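Multiple structures are listed underneath, in structure tokens.
You will see chain A twice below: alongside chain B first, and alongside chain C after that.
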Partner chain A sequence: MVGFVILAILAMAGAVGVIVARQPVHSALFLIGNIIALAVLYLTLSAEFLAAAQVIVYAGAIMVLFLFVVTLLTAGKDEREAAETLPGQRLIAGGASGLVGLALVVLAILNPGPAISLGLPKNFGTLRGMGAALWGPDFVYLVAVAIMLLTAAIGVLVLNRPERRAVRGARKASARQTRSREGQA
Partner chain B sequence: MNPLLWPEYSVLLGVLACLAAVMALGTKRSAEYPVSIVALVASAVFTVHGWSGHQSPVALYGQTVIIDNFSVAVDGLVILAAAASILLGWNERRSGTDFPALVLLAALGMMVLGAANSFLVLFLGIELLSLPLYILAASPGTSASGEAGLKYLLLGAFSSGILLFGLALLYGGSGTMIFTAIGPAHTIAPLVAAGSALTLVGLIFKLGVVPFHMWVPDVYEGSSMPVAHFMAFGTKVGAAAILMRFLFFGFYLSPGVWGPLIGYLGVLTMIVGNLMALPQNDLKRLLAYSGIGNAGYLLIGLASHNVTGAEAMLFYLLPYGFAVMGAFAVVTMVAGERSSISVKDLAGLSSRSPALSAFFVVAMLSLAGIPLTGGFVGKFYLLQAALFANQPGLAVGLVLATLVGMGAYLRPLLASFGHPAQSLEPIVWPWGGALVLAVATLGTIGLGVYPAPIVQIVSHSANFFWLH
Partner chain C sequence: MIGANWVVALAGAIFAVGAVGVMIRKNPLIMFMSAEMMWNAAALAFVAYARVYHAINGQVMAFLIIGTAAAEVGIGLAIIVAVYHRRHRLDIDELSSLRG
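And now, the complex of A and B:
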């Protein structure tokens, strides 16, 4: 229980840090803290494979991608935020969602469900158990996720459709002009 | 390979065939449109075969998927919506080569929702439906497409998060993933109530119900016409189907918990949607608010919680879909090369093209709910369900909202009989749009004059025996 409370506080502090931090890089670092706290939480729930995957995939691969994009996109941008159109909406929304979250937590503590008292299935959380579930009874879900990934791949192609040749030519020409102008200056 | 799932398989094979066609033939010769239509026709054939083939529900994959008359009827509606969208966007250079494949993928998600009987399948179906629609909304075509795509993606991801949280609470509170296995003792547990409330928020976001309707007009405005049509018809079918499955399969014993909530939201949605449709000038926004209002009508079927309500809800999807098909086909033809048109652009339509104007009148009168159109029969059915359920509030709301909606739908009609502001070019009739328009008009009038066959199909599909 003590371990859970510590991990929960760490995870929540990380989550709050992600949205409060001014610098995107700081947000990404807070997210790493959140992810690692969650991974340890999975370990305490004896879901070893999920914990390892969480660290390797999220804290490893995806975070590198985040940092890469952050450094590419926000280098040298000013950090001022746009003015809010509805003053105070963040405070009100944050307070309201905090209250709802608190109500849900109280509800969950007062009324533990029946699933919590059930025992764990065989090989729970290990690679063998995951594989047996994914390639056995849950194979159809794996197929559905595969279709989703296919959709995402199509989406990447659609939204990054190469510009028409004429447009690209014009842009190259204008870039050349600016470069020559800079050279003259 | 289960023979009952061939409608879904043929759509999936159609997606792969579309992608292969684009890959093999390049973007010059567009074979993907005919391929996608062939896949949909095959799916329709299997659906009709499935309708006649089995009468008792069949549970697959450990009861997580149920193929019954309801899922087959939903398949039919989804195929109609997808085919109409692809025909409306036939060989449209603005839609691009990926449009048919993405429409088929979203249709697959809607079909999955119609057969779902588990939280996992529910979530996968919602995501399978949403991902292609995010891409379609964001794909270039209109000036506001980027804004529409981003808005839809962010709000959709947010609603998916709420949905997932609700599903987790439901699983924690009931200990099962299967709708039909949620016991009577669980449905009154507070944790399950909280979970189902969050899940309902996620689902009615997709349906576009007030107060989760903000995205609808902006996303429709930023999408191209066929995509907006698909969202207006197909997404409503998918969301309505999963709401019926979720509430009538999982929570049929506790209508006292969710019934009033759905009823109040329904009345609020139909009044707000139709009121907001009144001042709209952009026709896509007008149809978007009309879609919000119609989502409110659909909720009556849920809130009345009886067999007539379930039948009326399923029935109403068809006349609504026909009217949306007709309206979007006319708007697409009038718009021509433009990506959106306003009410003023309709001026003089009656002298420009009397036939098109006549079709537009039929579609609009059906949306308004005038007798001898399908819309009237659908609204009548819903009114009957509300009165059978002894809920006069729902009936009064329906009538008031229909009155307000009348004003909204008559404005474009008045404009189309007015004098044109400038000299007008003749309207081009693409064959795909003409076909959609013909089917929509025939269906609208057919449903209004002789609804008996469809009523019979619906009464076999939405016949959830525990509602009797």
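And now, the complex of A and C:
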């Protein structure tokens, strides 16, 4: 119980830090704290493989990518948030979503559900158990993740392709226009 | 071991904080991080229910969420960088017009 309370406080502190931090770098660091607290919580819920995957994939790969982009885009800048065109819209929307979240929390606490029973199946949550599920009955999800990652890699290449070809094409088009204009003259 | 409803309540609270972050911030990077936090909250709920019902499928779903988040971060950050190269400002309200 004490462990859960400590982890919950750490996770919530990280979560609140993400949305109140002024600089995106601080948000990223708070998010890393949140992710690591959740990873330890996974360990207590006997999901060892997921705890390791959470630390390696989230806190490792994803957050490094985030920090890289944050430092690339916000280096040496102090961006003030501009004035609203519609005053108060964000506060109202935030308050509404906060109320919805409060309803979620209250509903979760009021409906205890079945008590957690001991005596887990063998290999529950270990690498062996997850592998047996992923290569057995849930193979379709593994294939789905593989296709999704491949699609994402191709999508990133398409989104950030070099613009040189486009510039050359534009130049060629404008040259063609001037040539045709000269021909008309 | 405590009841799973408290873990699910924590997941709901983190989800709510993420939703509030998406609503009130204007920096697309911070909004994106809040969305990541919402993914994480959903994965936590899946893991909690997997523990309650002794079903490994819940953990498989959480694995799916981690994979989805990895793919989504790649695409999303690529979009943010591409937009930044055109507009040179990090403000979500810059993108208020569409052109077909």
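Note that the second predicted complex is superposed on the first by the 155 of 185 C-alpha atoms of A that agree within 3 Å, B and C clash if a C-alpha of one lies under 4 Å from a C-alpha of the other, contacts with A are read in each partner's own complex, and residues count from 1 in each chain.
Here, a residue touches a chain if its C-beta (ideal position, glycine included) is under 8 Å from a C-beta of that chain, and two chains touch if they have at least 3 such contacts.
Quick caveat, the model's predicted, so the values are computed rather than measured.
Chemist: Residues of chain A touched by chain B versus by chain C: which partner has the larger set?
Modeler: Comparing touch counts on chain A for chain B and chain C gives C.
Chemist: Based on the superposed arrangement, let me know which partner A:24 touches: chain B (first), chain C (second), both, or neither?
Modeler: After superposing on A, A:24 lies in contact with chain C but is clear of chain B.
Chemist: Looking at A:105 after the superposition, I want to know if it touches chain B, chain C, both of them or none. Which is it: first, second, both, neither?
Modeler: So A:105 only meets chain C here.
Chemist: Does chain B (first) or chain C (second) touch A:86, or do both, or does neither?
Modeler: Neither partner.
Chemist: So, A:12: does it touch chain B (first), chain C (second), both, or neither?
Modeler: So A:12 only meets chain C here.
Chemist: I'd like to know which partner A:140 touches here: chain B for first, chain C for second, both or neither.
Modeler: first
Chemist: According to the stated criteria, A:152 is in contact with first (chain B), second (chain C), both, or neither; which is it?
Modeler: both
Chemist: First (chain B), second (chain C), both or neither: which does A:49 touch?
Modeler: second
Chemist: Return the residues of chain A at which the contacts from chain B and from chain C coincide.
Modeler: 104, 107-108, 111, 113-116, 118, 137, 141, 144-145, 148, 151-152, 155, 159
Chemist: Of all residues in chain A, which touch chain C in the complex?
Modeler: 1, 4, 8, 11-12, 15-16, 18-19, 21, 24, 27-28, 31, 34-35, 38, 41-42, 45-47, 49-50, 53-54, 57-58, 61-62, 65-66, 69-70, 72-74, 79, 81-82, 85, 90-91, 93-94, 96-98, 100-102, 104-105, 107-109, 111-118, 120-121, 124-125, 129-130, 133-134, 137-138, 141, 144-145, 148-149, 151-153, 155-156, 159-160
Chemist: Using the touch rule from the top, collect the residues of chain B that touch chain A in their complex.
Modeler: Touch residues, chain B against chain A: 12, 15, 19, 61-62, 64-65, 96, 98, 101-102, 105, 108, 112, 120-121, 124, 127-128, 131-132, 134-135, 138-140, 149, 169, 171-176, 186, 189-192, 194.
Chemist: So in the complex, the part of chain C that touches chain A is made up of which residues?
Modeler: Against chain A, chain C makes touches at 1-27, 29-30, 32-34, 36-37, 40, 43-44, 47-48, 50-54, 56-57, 59-64, 66-75, 77-82, 84, 89-91, 93.
Chemist: Which positions of chain A touch chain B when the two form their complex?
Modeler: Touch residues, chain A against chain B: 103-104, 107-108, 110-111, 113-116, 118, 137, 140-141, 144-145, 147-148, 150-152, 154-155, 157-159, 161.
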